[in-house]
Every structure is written in structure tokens, then in C-alpha cells.
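Listed next: structures, encoded as C-alpha cells.
Below, chain A partners chain B and then partners chain C, in two separate complexes.
Our next item is the complex of A and B:
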């Protein structure tokens, strides 16, 4: 088989920093090569270098598409290649599509630039492509703007724009990371069908489970080099490189509760959780919670409808559902940031949502919160020292030195160096930020943590370390977690009990193992079928 | 442009931006700072820069053009224009700064009341601001002077009051953005009260842009105050005020251009320099 894409000794440097240091790649027609690695491993830069989009210094021994060298092309020549010879699908369809133009025109651009097709022929081809990528009612979609489409539809439109001129090679950079699992499964199916039609696909991802379903070969990148490459089944079943093993171990799906996902630290700390069900009253009880939003000019939206659950002390309740299912509104109701229209939240058997804010205030320290986007949950002016200092109550540490010592202790608890004390959150990595946010939540010594998608913005490998940390903290401090996520793998790994939410209602709830083994509700089954997992 | 092209351009811009150094003062900013320093010294200690009396008349030396001895020339009474410009700096600067302080103070008050006062108060303040916005600022100032009567104090007050609605809008918007931010929510979850949140998060994050706004505002206030003096509603003629000097020279513009040009130049330069410096401050505070 002749190679569609041949890359030898690719090097990319920004200033003094070598980001990609000698990468070799080969992709044949109809083949899918997945490049997998942690953030900062150089995988995205590699992908962009294939399209001449990196900036910085790019250098290679060979970079050829269909035998034609792409080295040293002028920007004009590159523009002819992009879109016609190589299509790019990027992660964020929202920013990649012009919000003011109909998507039909946006998609047709590639044809307008690269072919001599007439306007009506272009329109025909765009409609055809829209149907191929599975957008219902292409004629209607053609005239809509990206804001009128849902996340999944937008991603489909973006894929359509990449494939409309039938490029022989497609580069997809984390094409499903922002999507719900069911949508993700559909997009992966779509990508697979493109390779069946003969396109070569380079798929970039940080998540081995996602790519394992469609990749023919996997290349694992770390620190700018490929540390392992081979057929998918071989790489997954008998990984050679340490980094590959770490990536496989980091996938939480099907990993029992309490087993460690990240390397290092004490191994599998304590086996099954010794449930300290010392207290018979549940940490948290919600009964018949209902919340309806009335916006002017729109139909009232019932975000949460008759939701009831119980969180036994010292355990984790996983709340899973897709975006818009009402998970986050439930979290806000539990945190008493918004008042329910009906129903009640009780904390440790005492009224909570029914109290006025002044009566609740002193008890708020019982409950901490961790958010999906820690950065926005920090005041941008404040340093880590101030953020933690603000969160430490007077009776735990009073005075400057005592507070500082307590802040250091908290950083130690979440495994951070106290050299970070004077940094601002903006200058921390994603994993560090989430650790600081956990430290802040722990500062008043709460008994309950509300975790709203705490690892969704993180890489699989960083996610593994944060999940391990949360697990350790639960054991040590006897915390109860309400853990909200759209990711079934994460939910299965962390939860004792799982509640599945759809359209504002809890459709199924049960012990984790049972629910994953014998899902009863069709929605649960659909979620489970869509979840990416490693073939065992 | 297709999505791909957009990305190519954005990539290039990003590399460009990260390449440049961040906290360097531009040549323009240094020039602006030097000029404002000159005006400041002139305002505080005019005798240092111009030993001659700005009010001393010398009818025999009227209308003499700029020369080495009298670099800005003399006016219809033979008064030294350079000396008058230097001595006029004080009143222009005092009016400009105090008007800005009044405007900002009122703006903060209205903005905070609107941003924190709940729906009814917010509605009321907003409608009031809209009414004030409907009138051009200078017209509003004129109206106030007509009501209170002309004079330096009135001019200052009028300019301050007419700039307040703009500041109030900005502060209200900023306050509302900060109030709905995730970090204020996080503080609520920690059990912090309203006053603590106000003091720790809302006020500092809302008022931080004020320094930049204020610097920008001084330039505008000086122009407005001069405009009012020019119309004869501000400083009274014999006292050296830039706007008033501009007006006095207008009659002789064809024969003695220097009488209007130099005070006018100072008004323009002061306003421009304050704006250049204000933008610089704004850029720096945003970068953090």
C-alpha cells in the first residue's frame, strides 16, 4: 500500500523550546491513525504542522502527501492544500464557524475556493454532504447560522465543511471532546464511515477509550516524540511504553471503585471502601425538588422536575446525564444558590433549602463545592494564598501566621507544593487549579462536597490524578460526595449509588454495579451503549 | 473566510502577540508623560517656569508676535502670553481633575446603587441615566450653568455632573458582571455575607478600571471646561484661563494668531496626552 501521508523527522520549535522533536508518521488511504497523548505532549502541534498552521519553526526530513512534498511551501500554496487536499476538524465548532453566516455558505467556501463548480452545483454538493454527515433536513440547515444548531449538529456542520471537497486526508483534533456521549458516539461513527470511503484520517485525542473504537493504528506521543506505535489491538493489549500503560490505566471505565487510576503514590490504598456508615441520617436528602425557569418571551422551562435522592453519609452519589438534563440546576438547588419551586433539601436530617439565608449562613461550611471551570471560580486579583486564606474560618486558624500554616497544610493535602502560594490561578495548570479549588472547598472542614463536573475540563491522565485525590480524601476525612458528571466511566468509577437524569427527571437510580450490569431504563441503556470504553 | 483560514490567521496573530514584550512604555507615552509633568509643574509652581506676572500690562508692547524674549508673543494689553498660559495651567488642571472626581464619585454612587439596589432601584436609576444620556453632555453642562449661574465652581460642578452618567453605566455593567461571576457564587457557598463579598470581590473588581477611566476623563473634562470658558460661562476674563484666552484672541485672529493658537495648543495637547496616558494605564490593568 502506498502511503497517503508520509512524515519523517518532523520537528517544531517555538523560540528556544522544541515542542515536537522528530516524529515519523505514515497514513494510508482508508486508514485511521490516532495520535494520543497528554496535553503538552505535542500532538496538536504535530497535527497542525500537517496543515502548515503551526507558526514557529517547522522542519522535517520528509513531509509528503500522495508523494508530493509539502516542505517549504509558500502560504499561497498551503492555502491550495488546505481544504482541498487536507481537511481539518477542530474541537470547538462554536468558535470555528462564523456566527453571522449561514452554515451552507460556510461549508461551500471550500468548494468556492478550490473548484470551478457553479453556484448551483456547489449548493447541490453541500446539501449532499450535509445529508452524509447526518444532519436532518439539509435544505433547512443550509440557511441556518451556527447559533441555531445544537452542539452535535454544529460539530457535524464543521465536519461537513472539512469533507465537502472530498480531501484525501482529514485531520481531526479532539473532534468529540466537547460533546455528550451519545453525540460523541454518532460523530465517531461518522468519522469511521469517512475512512471506509477511502479517506485517510489522523485523529488526535487525549482519551484512549475514544479512539480505540475507530483507529487502525495508534501512536502514543509524549514530550514531543512518539514513544509507541502499532495496531490498535496490540497497543491496547500489550503496551510496551510506560506512557501507554499510564494512559490505559487512566481510563476510568470499568475500573472498580477505590482502584487507583494514576501511577505513583500508595498503590490501591484500601480495597473496597470501608463504609463508615456511622451515622444513620443521610448526609443529604432531596425530596420532590422542582425548579422552573420563566424567561420573558419563551415557554417556561422545567429544569428539574420532582427529583428525590438520598446521599448516605460517607458515600458517593453519582448524578449522570447529558447537557441540559438538569444536573447543574440540581447542584445549585442543593447548594441553596437558588430556591426550589417545590420540594425540599435536608442536610444531615435538618432543614436546609427551607431556611432563610441568614439562618443557613453559619451552616454553609458543612458543604463545599468544586466546579467544572475552577479558573472562573477564583477572583482573578487574588493569589492562591488569598484564595485559601479567605476560605479558612476564624475558629480553625486566626491571625496571619496561623492562616498561612493552614494554607500550606491544605496545599499539602491536595498534593501541591507550597511554592504555588503566591501564584495567581491564571498561571497554574488545569490540574493544579482544580486541586486548589479542592483545597479551598476543604478549608472549612466540610462533611459534604458537591462536585459539579469536576474533571470534565481535564485530560484523561490529569483526571485520573484528581479522581484518585478525591477518593483518598473521602477515605481519610469521611466525606460524602454528590458527584455530577456526563461521563459514565467517571461516574462508574467514583460512585456507590448512581442516579440517571434525563430532561429534569431521575429516570433510574440504583447501586452502581447493579445499574451498570442490568440497566432497566432505555435511556440508561442508550447512555451505556454510547460510552467509549477500552476493549477488554 | 473559511474556518481554516480564520484559524491560520489567528495562529499567526497569536505568535506575533506572544513574541512582543509586554510592559514597555511606548515613545508616545513617554512624551505624553513629560508634557503632563510640565503642565503639572506649571500648575503647582508657575513662578518656576515663568517669572513674569501674567496680569502685568504693557500697552506699548501690545500684539507683538512670538520672539525670543516673548516666545508666545503678547496680547492686546501687552501681557505675556507664555506667562499667562503657564499660570492658566492651574485653573485648567484643577477644574479638569475636580470635575472628573465629581463625575466619578457621582457615577460610582449611581452605578453601585443601580447594580446592588435590586430590581426597582435599578430600573429607576436606569431611566434617570437614559434621560441624562438623551441630552448631549455639554448641553447638560450649559443648562446647569444657566440654572446655577456662571463661575469656576459652577463650571467644575456642571462638567462633573454631565460626565457622571457615562461612568455610572460602566460601573453598573461591571458590577453586574462581577456579581454573577462564579467566584462570587463560590464565596456564597462558603457562607460569606453580602458585605464581605461586596468588600472583598465586588468593589475591588469593579473599581479597578476606574483609574484608567479617570485618566481618560481628565482630558475630556479639560476640553469641556475650556469650552465653557470660551463661551464666557467659566473663568472671568482677566484671570488667565485657557478657554477664556482662546475666546479673547478670537477677535484678533487674522492679525495676531498667536493669541488663540498657543492656549488652544495647550488645551489640545493636555487632552491628547491625558488620553494617551489613560489608554496606557487601561492596557496595563487589562493585561493582568
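Our next item is the complex of A and C:
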């Protein structure tokens, strides 16, 4: 069988920096090859190199599609390949379609560029493709813009734009990042169906669990080279390379609470966590919380409806649900950043949401918060030293030297080096930023930490280290966590108790193990079925 | 932000979009009326702050040797003997009915006088705006073709352009193109040739401003994920610009164009004077020198009105370019 795509010794360099250093790939028709690796491993650059879109210096021993060499093609020849022979489903599904143009025209562009089809014939083909990618009501969708579509719909439209001219090879770069789990499962199904129709698929992801469901073969990439490649089941069950093992270990789903996801660090602290139960009073108690938003020109939106829960001291309550389910509004209510329309939040048995801000203010330091995107919560001009310095209360450390010492201690607590003190947030990696934001949240020595999607923007392997850190901190400091995530795997790994939220309501609550073993609510079951996991 | 924003509430929002637009336009018009009133009031009192007797202006300016009787007659004729508040209210009442009064110095009705001058200035400003856009787009498009050097040249040109004062640029282009090369007349003669130098003088600095804001968003757009998607569909670099990037880049330029129109009118005062071109700008300058209050107020009102209309227009145009903008 001749390979649809054959790549040998692919090298890409930007200036003096070699990003891809000799990659071999082959993909057959109807086959799905997954390239998995951490950010910075060179996998996205590899994907773009397949379309001649890297912008760097590209060089290879062989780069052939259907036996035809793509090496040294002129820009004009490349343009004939792109969109016709190879379709790219690029990263950032939510922003990969021009927000100003109707999606029908975006999708039809590949036909406009590569065929002599009339406008009406193009329209017909676009409508057909929209139906194929599972967008209901194609005629309506045709004229909508990406802003009118939900995340999953946008991703389907983007896939339609990549496959509309039936390219034999499809390259999908992180096609499900930023999508809800149930939507992610549907998109993976769709990609799978494309391969069944004979297309070759190169799937790029940082998450082994995501690709394991549809990949025929997996190539693990690290530092610009492929460290392991083989059939999916073999790679997952008997990984050879150390990087593969780390990626497998980082998948949180099915990993019991307290077990480490990342290599290194003290393994001694691992083991089932017995809640210290230091206090019989729950750290947090919410009763009948309700919040409705009224926007002019819109129907009122009840973001949180009659939500009640309890967070026992020293434990973690996982709040899971899809986007728009009201999780973040719940977090804001708990943090008293939003006032509830009805219901009450109590902190350590005392009134909280019912207090006025002047009465609550002195107690605010009881509670810290970390968010999905730490970068946007830092002043970009401040260094790490200043970020932490601002957060340290005067009564904990006063005076330059004492505050500096305290900042160093905080950095140490979150496993960061002193050397980062003078860095600015932009020059930190995603994992380092989240660690700094945890250090900042810990500065006033809170007893409760509200974690709102703290690892959702991180690679699985970085996520593993941050989750391990949060686990250690909880043990050492006896913290209570309200942990919000859309990712069931993460929730299962970190939580003692889980509350499932749908459309503003908590539909099911229970101890983690029980809830995952015997989900009662259909929505919980649907979430559970969609969650990416490694086959066992 | 959590992943995958939903949009179940979009349908009602869409239905009310036309209504919201109408509401916005109404608001804009009401705001416009307020601005006109404020402009009239400010101008009225500002002119009163200039030392000297307005009656003197009626009778031929400060140099005239008018008798006390003549001054008193002039005061009575133009209502200048009334208390200032009464004068103000009378003035407002006249303006509201479209009566701009008659010029002190020219002894003619202000309204027809200004209307005859308006078209020349509007042509000058409109052409300058169009040429400025063209220059800005050309420079921005040309110099974002990849190399860093081109970018430096582009933004350098824009900064220098934006910093050129009109009077200096006007003198320069006259020296080069009229005196030196003899290609174009130094005075704005009727006909297209006479327009070239005045338009160039107004357009170049504005192109600098426009180019600066558009380059930034053009670079963003060219670097955006949707531009990558377009390239991956086989779109050429020119196509990416024409179909996607320029549209995004134009948006801040359009918002700036409302302001630019005011900038052009004020520039017209200088340019029309230097090139001896009839128009509102020169009329305004003469009127201020002669303290011809009705003409000054008339010009200021017309400029304010035009400015309001242009702002509403750019607002609408922005909405056409960016259909996703919320009312």
C-alpha cells in the first residue's frame, strides 16, 4: 500500500532555533495518526509544515502526498495543495473563522479558490457539507457568523471549511480544545467518520486520553523529535519512552484522589486522604443560592437557581458542569463578588453573603481564589516580587526584607525558584503563572480556596503538576477547596464530594467514588460517557 | 471564561437588533441637537470675550472712525443694546429657525453666503479624506509584507506624516511643485489641478494618523487564527488581505474618520488661506479677524452639524463593516 502522506527527516527552524529536528511520519488513506506532546514539543509546527505554512525554514528528506513530492513547491503550487489536497482544522476553533463573514462564505472559500463552480453550485455543496458535519438547519447556518454559533457549532463549521472540497488528507490541530466534554465527544465522532469515508487524518493533541478514542496510531513528540510511535493500543498499554509514560500518568481520569499525576516530588505523601475533619462546622455552606441576570433587550437569565451545598473543612468539593451551567457565577456568589437574589452563603458557620462589605472586608482573607487565566489577573508591568508583595498583608510581614523573605517562602511553597522573583508574568510559562497565582492566593493565609477552572488552559502534563501541588498544599495547610471544572477527569481526581451542575441547578451531589460508580441523573451519565479516558 | 460559550439566547437579540439601531440613531440625533446648542452657546459667549465693541465691527472694524450716533444706530439695528441674556435668547431663537442673520462686514445674508462656500470646503475635506485613506491603506499594506525593515519604513513614514503641520507642508509643496518644478499652480485655481496641492497638504498628515491605527490592527488580523484558516484553504496573501484582514484593519480607521473630518475642517482654515482658495475655512478666518459675529457663529454651526452627520455616518459604516457590533 502506498502511503497517502510520507514524511522523512522533517526539520523546521526559526532563526537559530531548531523546533522540529527530523520527524518521520506516514499516514494511509482512512487512517488516523495522532501526534501527542506537550506545548513546545513542535507538534503544531509539524502540522503546519505539512501545508507549507510554518513561516520558518523547512527542510526534509521526503515530504510526499500521494507519491507527489511537496518539497520545494512554489507558493503558488502550495496554494493549490492547501484546501484542496490537505485541509487544516486549526487550533482555537472559537476564533478560527472570520467573525465578520457569514460562515457559508468562509466555508465556500475553498471551492471559490480551487474550483470553477458557480456561486449557486458552491452554495449547494456548502449546505451539503454543513449537513454532513452535523450542523442542524444548514440554510439558516449559512448566513450566520461565527459569533452566532456555540463553541461546538463553530468547530463543526470550521471542520466543514476544511473538508468542503474533499481533501484526501486532513490535519486537525487540537480540534477539541476549549470545547465541553460532551461536544468534544461529538467532534471526535465526526472526525472518526471522516476517516471512515477514506480521508487520512493527522490529529494533534496534548491529551492522550482525547486521541486514544479515535487514533489508529500514536506518535509521541517531545523536543522536536518523535520519541515513540506505534499502534494506539500498544503505545497505551506498553509504552517504551519515558515521555509516553509521563503523558499516560498525567491523565487524571480514574486516578484515585491523592495519587500523584506527575513524576518527581515527594511520593511519600501519596495515599488516600483522610479528611482531617478539624472542625465540625463546614468551611462553606450555601443555601438556596439564586442569581438572575437581567440585560436590556434579552430575556432574564437565571444563572444560578436554588443551589445548596456544603464544603466540609479540609476537603474538596468538586463543582462540575458545562459552560453556561452557572459554575462561575456560583464561585462569584461564594466570593461575595456578586450579591445573590435569594439564599445565603455562610463561611465557617458565620454569615457571609448577608454581611455588608464593610463587615465582610476584614474576613475576606479567609478566602482565596485562583482562575483559569492567571495572566489576565496579573498587572503585566509588575514583577513576580511585586505581585506577591501586594498580596502579603502587613501583619504577616512588614518592611522590605520581611516581605521579600515572605515572597520567597511563598514561591518555595508552590515549588518555584527564587530566580523568578524579577520576572514579569508574560515571561513565565503557563504552569509557572498558575503557580504564582496560587502563591498570591495563599499570601494572606486563607483557609478556603476557590479554584475556578484552574487547570483548564494547561497541557495535561502541566495540569498534572498543578493538581499535585494543590493536593500537597491541602495536606500541609489543611485548606478547603471549592474546585470548579468542566473536566470530569480532573473533578474525579481532586474531589471528596462532587456536585454536578446543569443549567443553573445542582442535579446530583454525592461522595466522588459513589457518584462515579452509580451516577443517578441522566446528565451525570452523559457527562461521564463523554469524558475522555484511557482504555483500560 | 469557561470553554465553549453558548448562544441559546441569540434569537431574541437578533430580532431586537433593528430596534436597537433605531434607538441608537435617535439617541445620536438627540445628542446632536444638544451639541449644536452647546456650540452655539459657547461661540456666542466666547466672541463676547474678545475685547472691543461689536458695533465697531459692524461699521467697518476697529480702524473705522464711526461717530457715536452711527454706533448707537448700529447697536439698535443689531440688537446690541439689549442685555446680553436677551441677545443670547434672540440669537438662539433665530438659529433654531435657520436664520443666521446677516454679515456685519459683507452686508449679506449669512446662510446663502455660507452655503456657497460649503461645497468647496466639503469637496476639499472629502477628497483629502479619501486620498488619506488610500495612502494609509497603501503604506500599511505594502509595509506589512513580512520584512522588518519594511515595517520600520512604514511606521516611520506614518509618524513623520502625522507630525507635519499643515502650514509647513503647504509651504513645502508650493516650493517644490510650483516654484521648483512648476507643475502645479501655487494658488488654488478652479479645476482639478488647483485641488492637488491643497488636498495633498491635508491628506498626508491624516494618512499618517490613519496608517498608524490601521497598521496595528492589520498586523493583528494577519496574525489571527482566521487568517491562518484562510491561508490553509489556499487563499493567497493578497486574498487574505482583501477578504479578511483589511476589513478588520479598516474598523479603527473608520472610527477615526469622524474625528478626522473635524481635523480636516480646521486644517482647511490654514490651507484655504495659504492657497487663496474660497471656502468655509477662509470665510471663518476673515470673519474672526473682522469680528463678524453672525458669520462666525454660522460657520461654527455648519461645521458642527457636518461633524455630527459624519460621526453618525462613520458609526453606520462601522456597523456595515463589522456586523457583529452590538448596538
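Keep in mind that, in the parts below, the second predicted complex is superposed on the first by the 534 of 536 C-alpha atoms of A that agree within 3 Å, B and C clash if a C-alpha of one lies under 4 Å from a C-alpha of the other, contacts with A are read in each partner's own complex, and residues count from 1 in each chain.
As a working rule, a residue touches a chain if its C-beta (ideal position, glycine included) is under 8 Å from a C-beta of that chain, and two chains touch if they have at least 3 such contacts.
For clarity, every value in this text was computed on a predicted model and none was experimentally measured.
J.: Does the superposition put A:361 against chain B (first), chain C (second), both, or neither?
T.: first
J.: Look at A:323 in the shared chain and tell me whether it touches chain B only, chain C only, both, or neither; answer first, second, both or neither.
T.: second
J.: Quick one: classify A:373 as touching chain B (first), chain C (second), both or neither.
T.: In the superposition, A:373 touches chain B and chain C alike.
J.: Between chain B (first) and chain C (second), which, if any, makes contact with A:178: first, second, both or neither?
T.: second
J.: Contacts for A:44 in the overlay, against chain B (first) and chain C (second): which applies, first, second, both or neither?
T.: neither
J.: Return the chain, chain B or chain C, that is in touch with more residues of chain A.
T.: Counting residues of chain A touched by each partner, the higher count goes to C.
J.: In the overlay, answer first, second, both or neither for which of chain B and chain C A:353 touches.
T.: A:353 contacts neither chain B nor chain C.
J.: With the two structures laid over each other on chain A, which partner does A:99 touch: chain B (first), chain C (second), both, or neither?
T.: A:99 sits against chain C, while chain B stays out of touch.
J.: Looking at A:474, would you say it contacts chain B, chain C, both, or neither? Reply first, second, both or neither.
T.: After superposing on A, A:474 lies clear of both chain B and chain C.
J.: Check the residue A:79 against both partner chains and state whether it touches chain B (first), chain C (second), both, or neither.
T.: In the superposed model, A:79 contacts both chain B and chain C.
J.: Overlap of the chain B and chain C footprints on chain A, residue-wise?
T.: 51, 53, 79, 82-83, 88, 90, 96-98, 106, 109-110, 113, 158, 161, 373
J.: Going by the contact rule at the top, pick out the chain A residues touching chain C in the complex.
T.: Within the complex, chain A touches chain C at residues 51, 53, 75, 79-84, 87-88, 90-92, 94-101, 106, 109-110, 113-114, 145, 147-153, 158, 161-162, 177-180, 183, 297-299, 301, 322-324, 327-328, 372-373, 453, 456, 486.
J.: Once bound in the complex, which stretches of chain A touch chain B?
T.: 14, 48, 51, 53-56, 78-79, 82-83, 88, 90, 96-98, 106, 109-110, 113, 158, 161, 335, 337, 361-365, 367-369, 371, 373, 376-381, 390-391, 440, 444
J.: Which residues of chain C touch chain A in the complex?
T.: So the residues of chain C in touch with chain A come to 1-10, 12-14, 16, 20, 224-226, 228-236, 239, 243-244, 247-248, 321-324.
J.: Which of the residues in chain B come into contact with chain A in the complex?
T.: 1-8, 11-12, 14-15, 181-183, 185-193, 200-201, 204-205, 208, 288
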